[in-house]
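The next part holds the structures, each set out as structure tokens.
What follows is a pair of complexes built around subunit A, which joins subunit B in one and subunit C in the other.
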Partner chain A sequence: MKSLSHRVVARLQAGMQLPDLNGTRYNLLRYLAGGGMGSVWLAEDTLLKRRVALKVLDLAAPADDLDVRLLSEARILAGLEHPGIVPVHDAGTLADGRAFCCMKYVEGQTLAQHIATLKLPDRLRLLQRIAEPLDFAHARGFIHRDLKPDNVMIGAFGEVLVMDWGLAKVGVSSLEAGETEIATAVQPMQNSLPATGQGRVLGTRGYMSPEQARGDIEVDYRTDIFSLGAILTFMLTGSAPGELPAASGRMPRPMRAICEKAMAADPNARYQSAAELTADLAHYLTGAPVSAYSESLLERAGRIYAQHRTAVALVSVYLFMRLLFILLARR
Partner chain B sequence: MNKIVLGLALGAVLGAFDGMTAWFTPEARAEIVGIVVGSTVKGIIAGVLIGVFARKVHSLALGIVFGLAVGLILAFLVAYLQHGYYFQIMLPGGMVGLIVGYATQKYGPVTQPRRA
Partner chain C sequence: MTRHSLILAARSKDPATRSWAIEAIAAAYWRPVYKYVRMKWNIAPEDAADFTQEFFTRLLEKEFLDSYQSSKGRLRTFLRTCADRLFMNQVRDSKRVKRGMGSAHLSLDYLEAEQQLATELRSGSPEDSFDKEWVRSIFILGLARLQASCESGGKLIHFELFERYDLEEADPKPSYVQLATEFGLATTDVTNYLAFARREFRRCVLDQLREMTTSEEEFRREAQALLGVKIA
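Coming up: the complex of A and B.
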């Protein structure tokens, strides 16, 4: 019997992966990316004449309730209408039995590609924009749980989109008690989500919080704060977190303190909201003191000088001129 | 602190300081009080004018030019009344105007134009 070449086997595998779009309004265009649970395809919505991204599971009856997880991701995205969260258009099951989710097709760059040319202030502003949709989601009781640079896309017009909410879960809203109606409204959805019990670790190493890495059931939105801190570290050093002490040597001390506070092992020691983290970044950008770092008197003077350099120079010139006049008058 | 108050305060402080430096000129020491008061009033007038300008015009370059011009004109008037010391009076006066012009443009809340 003649054996098949690797090339033919690869082609056959690719062919098997092709989703069966019969009976749907989508036309397959090309393969975009693949992951552990499925693949993402570029397709055309024949009804609305637009390009969409189809996330399709590899198997019709996957283990670990992946089909339920994909559907829950679609439901979570449907409940989170925000310019910074990639919108879902449709979800269901294909003719071949595989679950699918149809989302907006984002043309752009990954975070890692985009930040290559950015300066420090622009990188910090970018992180503020990544934190916005998270703060929005947290306020509604949703936790992303898989934030990492690969899951942030920058669109062609500079729009920032947080992607891949496949591991998201409904937690406790970060809003005050008087505003918990939204979280209460989505609580029934939690019953349909697959459980991630004790000891079951979901997330990405380096970007996931210690409590999530331990497989704790009771992770809350502060696990995303840790991931934001890890992304900030990546954006500032170009290195994956976990190497913070070595890679942060060139980082300004207040920035390092912000990263360390966001990535504190104890959730109570972290920023208690994404907005709190972005506020500290805004303080840093405007030359104001940051809450994460207690500066020395000398550092404070240096910061104030840097903030008002021209004014200090003008007053110095004036005083020097006055001194010169006094000396000349004494002659 | 709005721009007019900032200009007034800064003009007064710098004007007073400017006047006090006359103490180091022996022939002017006897009239130090009058010089300090006059210089402070000059600083206040310059500060208010520059502050009003900063409130109307939001331009760092124009603010500095206007401040310099106001400082120089007021200092010229003082020097003219004293019949001399043009350089010693006009240079610091212009400098004070320039500093106040810069500060009022850079600091203090920016007022938005009113909508109908």
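Coming up: the complex of A and C.
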């Protein structure tokens, strides 16, 4: 039996990781990232002469659902045309049996990199933009289920993109019946996705809702609302929820209340849509009261003062002068 | 042989089946075990060889594998722990195995393992070495499968090209044009044959690994470890 040196073994190992692109129109350029079930590669589409991201599973999956799930992701992305959702160009199976999905290559920054220089209002506006494609997907019956800072990219033109819909599933639309054509079209495929519906825990700790962490079968789009709250917490404190409990103490109370409401253990106690959450953020940004927080009289006065500082100052000066005038007139 | 069958066969009540399965397991694990005890306990080559024989004899006698549960950990970690336990027991009982005592009588090339130990840089812990040797063994067995498959399928030239280009340590490597001239092929054939051989090799290695595991979940976990090379 032929022996192999460690050097040759290491070279063979590296070679086995490479996607077998024979017979495809893609040329491999470089490794981009790895995940739990596969890796992402930068490739060139030789036909259209453009760079693309190829997501390739580590293994062919004859007895598993991973290839079905990757195809499901491709179909979900194809059905969700939104500027905040990374578009898919192609999907299929490589010569070595591994499933792949070809997507737009997004050059930009991760959320963590991008927020480092942003002030609070800009961070809140950014979260609103993350919530937009989520609200769009929820309205069509899709749930992301793996929202986390790593899955949000800020493109070169400032576009905000929600990535990695590999764990997405078809749930109940947040819109009325009749507006769920896409979900209905994908529904038969969803039925062949046993692993995402049999109580297996999929997601990322810290950003996963309690019901998802328990492996509940009936998670709905409000699991994404929880994750949005966790991302908001990360954007405000720099840490995932639960990692640095003291950090949340430095947040303004209404903002902390928004995070807490979004991340309520009971889905019924959360915001009931991503739009509802962003509306509360908009209220906070304009100094209006937020639905998540009942303020005291003093806090309300303080907020109104902060919101109308010039007008309050002018009225105060006017009242003071008037009082002074009355007092002087009585002498 | 069915998938994931090797460990189950090693637990079989039929002695012939069990013996065959243990030999297959030994083919993948004797190098890791031998080099591990040499490195960790710093024992003489002859003692390490005796220990390795004894270890697989115990496996054959179903002393170890019966208590293995894939849900509790990887087979290779389990076997390494078994090797530790056996060694400690032998030391405690001051009852080193006499040469030839083991009944498995596996024909193992300890000389080659010694040569590798002498020439290869000893870096990392004995545990790391065990894992590296395990990867090497799986690849060696995968390669043997590829050779057999190419020979039986009339594709020996594919294997020879693979050997020449991917397995030799020559630096610089021969170009595809040189190989085409050497083998009397068109350059495009060299590209296609090598692509085929690499694809088949990947399949053979993963098939080998699948047989060494007891469930699809364990297989996936081990495949991640086997293929888990992050390419920068």
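Methods note: the second predicted complex is superposed on the first by the 282 of 331 C-alpha atoms of A that agree within 3 Å, B and C clash if a C-alpha of one lies under 4 Å from a C-alpha of the other, contacts with A are read in each partner's own complex, and residues count from 1 in each chain.
In this text, contacts are C-beta pairs under 8 Å (C-beta built on N, C-alpha and C of every residue); 3 or more make two chains touch, one makes a residue touch a chain.
Nothing here was measured: the structure is a model prediction, and the numbers come from that model.
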First (subunit B), second (subunit C), both or neither touched by A:Leu59: second
Which of subunit B and subunit C A:Met321 touches, first, second, both or neither: first
Which of subunit B and subunit C A:Ala301 touches, first, second, both or neither: neither
Subunit B versus subunit C as contact partner of A:His6, first or second or both or neither: second
Subunit B versus subunit C as contact partner of A:Ile217, first or second or both or neither: neither
Touching both subunit C and subunit B, counted on subunit A across the two superposed complexes: none
Of subunit A, residues touching subunit B in the complex: 310-311, 314-315, 317-318, 321-322, 325-326, 329-330
Residue numbers on subunit A that touch subunit C, as the complex places them: 1-18, 20, 22, 31, 34, 58-59, 63-64, 95-97
Complex interface listing, subunit C residues touching subunit A: 112, 116, 120, 132, 135-136, 139-141, 143-144, 147, 163, 166-167, 169, 192, 195, 198-199, 201-203, 205-206, 216, 220, 223-224, 226-227, 229-232
Sites on subunit B touched by subunit A in the complex: 14, 18, 21, 24-25, 88, 91-92, 95-96, 98-99, 102-103, 106
